[in-house]
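Working notes, beginning with the structure itself.
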Amino acid sequence: MTESKESTVRLLITCPDQPGIVAAVSGFLHRKNANIIHSDQHSTDPEGGRFFMRNEFFLPGLDLDGLTRLREEFAEVTNGFVMDWSLSPVWMPKKTVILCSRVDHALMELLWRWKRGDMRADVTMVISNHPDLRLSVEHFGVPFHHVPVGPTLRDKVHAEDTMMSLMEGQADLVVLARYMQVLTPDFVARFDRRIINIHHSFLPAFVGADPYRRAHQRGVKLIGATAHYVTEELDEGPIIEQDVIRVTHSHDIDDLKRLGADIERHVLARAVQWHLEDRVIVDGNKTIVFRR
Amino acid sequence: MTESKESTVRLLITCPDQPGIVAAVSGFLHRKNANIIHSDQHSTDPEGGRFFMRNEFFLPGLDLDGLTRLREEFAEVTNGFVMDWSLSPVWMPKKTVILCSRVDHALMELLWRWKRGDMRADVTMVISNHPDLRLSVEHFGVPFHHVPVGPTLRDKVHAEDTMMSLMEGQADLVVLARYMQVLTPDFVARFDRRIINIHHSFLPAFVGADPYRRAHQRGVKLIGATAHYVTEELDEGPIIEQDVIRVTHSHDIDDLKRLGADIERHVLARAVQWHLEDRVIVDGNKTIVFRR
Amino acid sequence: MTESKESTVRLLITCPDQPGIVAAVSGFLHRKNANIIHSDQHSTDPEGGRFFMRNEFFLPGLDLDGLTRLREEFAEVTNGFVMDWSLSPVWMPKKTVILCSRVDHALMELLWRWKRGDMRADVTMVISNHPDLRLSVEHFGVPFHHVPVGPTLRDKVHAEDTMMSLMEGQADLVVLARYMQVLTPDFVARFDRRIINIHHSFLPAFVGADPYRRAHQRGVKLIGATAHYVTEELDEGPIIEQDVIRVTHSHDIDDLKRLGADIERHVLARAVQWHLEDRVIVDGNKTIVFRR
Amino acid sequence: MTESKESTVRLLITCPDQPGIVAAVSGFLHRKNANIIHSDQHSTDPEGGRFFMRNEFFLPGLDLDGLTRLREEFAEVTNGFVMDWSLSPVWMPKKTVILCSRVDHALMELLWRWKRGDMRADVTMVISNHPDLRLSVEHFGVPFHHVPVGPTLRDKVHAEDTMMSLMEGQADLVVLARYMQVLTPDFVARFDRRIINIHHSFLPAFVGADPYRRAHQRGVKLIGATAHYVTEELDEGPIIEQDVIRVTHSHDIDDLKRLGADIERHVLARAVQWHLEDRVIVDGNKTIVFRR
């Protein structure tokens, strides 16, 4: 859909299911003269359960002040419901920080899509615990920060402190593009439901380290990748997207890594894209993804 | 979604896009105490264009009389709009007639899914221009009618007359499971937007006869199948579903036919399933498919 | 490839890699005036390692006596090598026994492909621990044996004794089409590398019971199935084939089971087909699959 | 397969099928103490027809002089056969020229894979009829030549003359990465079977211009891309690789272009990779692709 992105707003709602939600929301939007472009909803159970909605609407002439008023008025509509909601202006791309380490495929795929205009984000910076990818990043005109991480927990905490002060006000979304470092619970909590990681296996197969080696040992016929939100439990966060590719007996571990890299970068790019388009709602340890 | 299929109704809407449609519809459903289970909508253009909606709602205690009243009341709601709509009770599966010829793969897949309860249809009969598949069909407890079709147009018209009288009141949907006969425009018009055909190629590649032979000659690396509504223009009707499978230089024409048969039966089964679940709206020569 | 299946033979070879294997084998076939139709080989390591070969050749006028002589002469060729090999006549389909329980999708897919001539096997019987599928099986003209399995290990041993005496001389291949019973090590050893099972998950994800429920809980975005040879270690045997299908948040456990059944029956059918065509060589806990 | 790429050679053979080919070839390699790493063959018909072979072997200590002698000796082996063959040293990557226009996705994917070491080519230069992509190309350390093409046939001939003199001795392979210019028959003949183009549709669907617009009009549910060798007949050359991606009613033409670009770049990269690995043999208007 080609959209007038100016004046377009996305509404995400999570609440206990109950009659009248859709009527209340669409009645409100109608009174505001909004034109609904897309609307999707999902209930976990038709008789009680949880309700999720994504709504994209067009409100000619809406600016940031108008959006503030719209939020105040919508808050009144939600009074009768126990509702989590957000109203996100499409014309203000989310500030996005990418963390990476030494391998570049996932990072390059994101920067490349972003440069081509396919990924509507405001990429504010790239942070890495290694200096290797500086030139590649700066070639895209994106600031690169090298924040080394020492071997102790103290080192990690200090590195994260540095990262958090760099990211202050600059990170609506944090993407781990093969960052290869476990984050502290504090850091994770600071960006709750806003850190996306790519794991190089089809979770829950091969949780943990070195999945391609283990996939090769097990003789699987497909290898995969999983993009998920980061939670305290390693490799257990809500899955956003997964995909696989066929392999054969003739592929060794290096082949699996090379083929897997292609799947990783695409799965991560799709997950990031969907988050940026407000298509993902977290529900406990699962996600609702309103795909096209 | 496991649904209380009793009392569940599906609403399909097509109309010119204009503000207030969703508010009017959801306001009506709210006043009727309906609980919306799923709702999807699509607009071809945010500023003018066409609007499509599929809505599945649960209305405890609704029976056929209640449905009749609901339709009358909803008709009043639609007064201000130029709206095509339907309200279909989920608890009354659509009456379905399957036409076939000699090859059985598409027919068997449908009957098998139906017998397993995966395809909620009321399969009223199978009609074939050949007697070969009688036993296979009757084994499923489905009536089989052999209606031969002679070589002339007169013969075809007479055969279709016989078929139409057999089908009178028994065919909400007609499925061509490799029927191999071109239908007359009259027959097509009689079941407008309710005849689904499976074409054994990835349309518009290999329109017409003998697609696997031509695919082999061209050396394609994928072969496919296309399920579409039948219109007067052969192989030009609105596409509902397509899929492909990979082939190699080592596959000869018979291999392509055999591999293609697997794709054909699954593509047709999905298209029929979606039609039966009121997920498909025809828009000119295209379809809107509200997939899960 | 359309082949003159009479007089066509398949040669499978496993041995330590060493120079001269291919020359010895192809020299022998040339002296016998055999025409090689297909030949594939794989080495695990170019400098030492293991060597695998599949060779399909045509030898006009070869009959069973000729095959016996061919085996004797080939045995001499292999003298200088430590070689596992087999020569299988394509015109004698492998005797195949299918074990099933109550669910029918995998069984039906196999019988259907067999009846259509797509699966060249000699299906000698179906054995089930439940009587439910007798009529469905006998409709295909295949003998059905009901061998109930009691709750104790003694019961299981006695049931397997009954099964083994039914299968005596009738089982080149045993297919577990959702048989749902763990076999004893004795039974497994009796049909070493000749029992194929379908597991209803993408192994090694969701090893063990109830994989669809656990897949739903984990919120995966793809579900899969795995066909593997049965070994003593449950769900750990060499994988022959795997595949997946996309699911969304809107699918409940029953939906996953229904969608999964489609993947299960196709993955199993492909694995059985490849075994019947002598395309699979077991190498430790992995398989070499010479696909087309 | 991790290979000692030094001393590894690939042999491609095309000839009329006849007994003794494999024996002659493998006997020769055995006498030379070569160790066969992979070998694949294909016959179009078991009793007469054409024969194709790909053989990858390791010959310790082989250098360029040794390769020359090997070619002379192999030529004698082939005397009894009407045989097209080539012996390609793996340690000498093919010289590759990429032609492009203004859009960069296919070009960037190739350069990126090349830079990562995933595509073993010697990329000698990029030539474009527009200057736009100079910086992007030079960032990879690859020479960029801008050769504008005027509107007349004379202009085109002169531009191709310039290109051919730039490419003299530098082009074992020419890749059209969305070059958007029809080449003259002379140019095509000059690089017979060595020009790979990416067509932005699933050929033979949407032959010719503007395939995404026509795909949108037709309402297809999958869009695709086709990599093929360039011949005089536009869009009719031998197909090397094809792939598709699912689209829905909600995607407009720009979405199709964006999604299609992802398929285009991967299909082209795979086709180029296979050509570089000597996996593709042209047989009339088709290809034999020896995939892993």
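We call the chains A, B, C and D, going by the order they appear; numbering starts again at 1 in every chain.
In this text, contacts are C-beta pairs under 8 Å (C-beta built on N, C-alpha and C of every residue); 3 or more make two chains touch, one makes a residue touch a chain.
These figures come from a predicted structure and were not determined experimentally.
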Checklist outcome for this item: Greatest centre-to-centre gap (Cα means) from subunit A is with chain C
Next on the checklist: I want to compare two interfaces, C-D and B-C. Which one has more contacting C-beta pairs?
Outcome noted: C-D
Checklist entry - When the C-alpha atoms of subunit B and subunit C are each averaged to a single point, how far apart are the two points in Å? => result 37
Checklist outcome for this item: In subunit B, the residues touching two or more other chains are 1, 38, 42, 248, 250
Checklist outcome for this item: Within their complex, subunit D touches subunit B through residues 42, 202-206, 218-222, 224, 238-244, 248-250, 283, 285-289, 291
Next on the checklist: Which residues of subunit C touch subunit B once you look at their complex with the stated criterion?
Outcome noted: 1-2, 38, 104-105, 108, 112, 116, 118, 139, 248, 250-252, 254-255, 258, 262, 266, 292
Item to check | Complex contacts: residues of subunit D adjacent to subunit C | outcome: 1, 3-4, 8, 17, 19-20, 22-23, 26-27, 29-30, 33-43, 46-47, 58
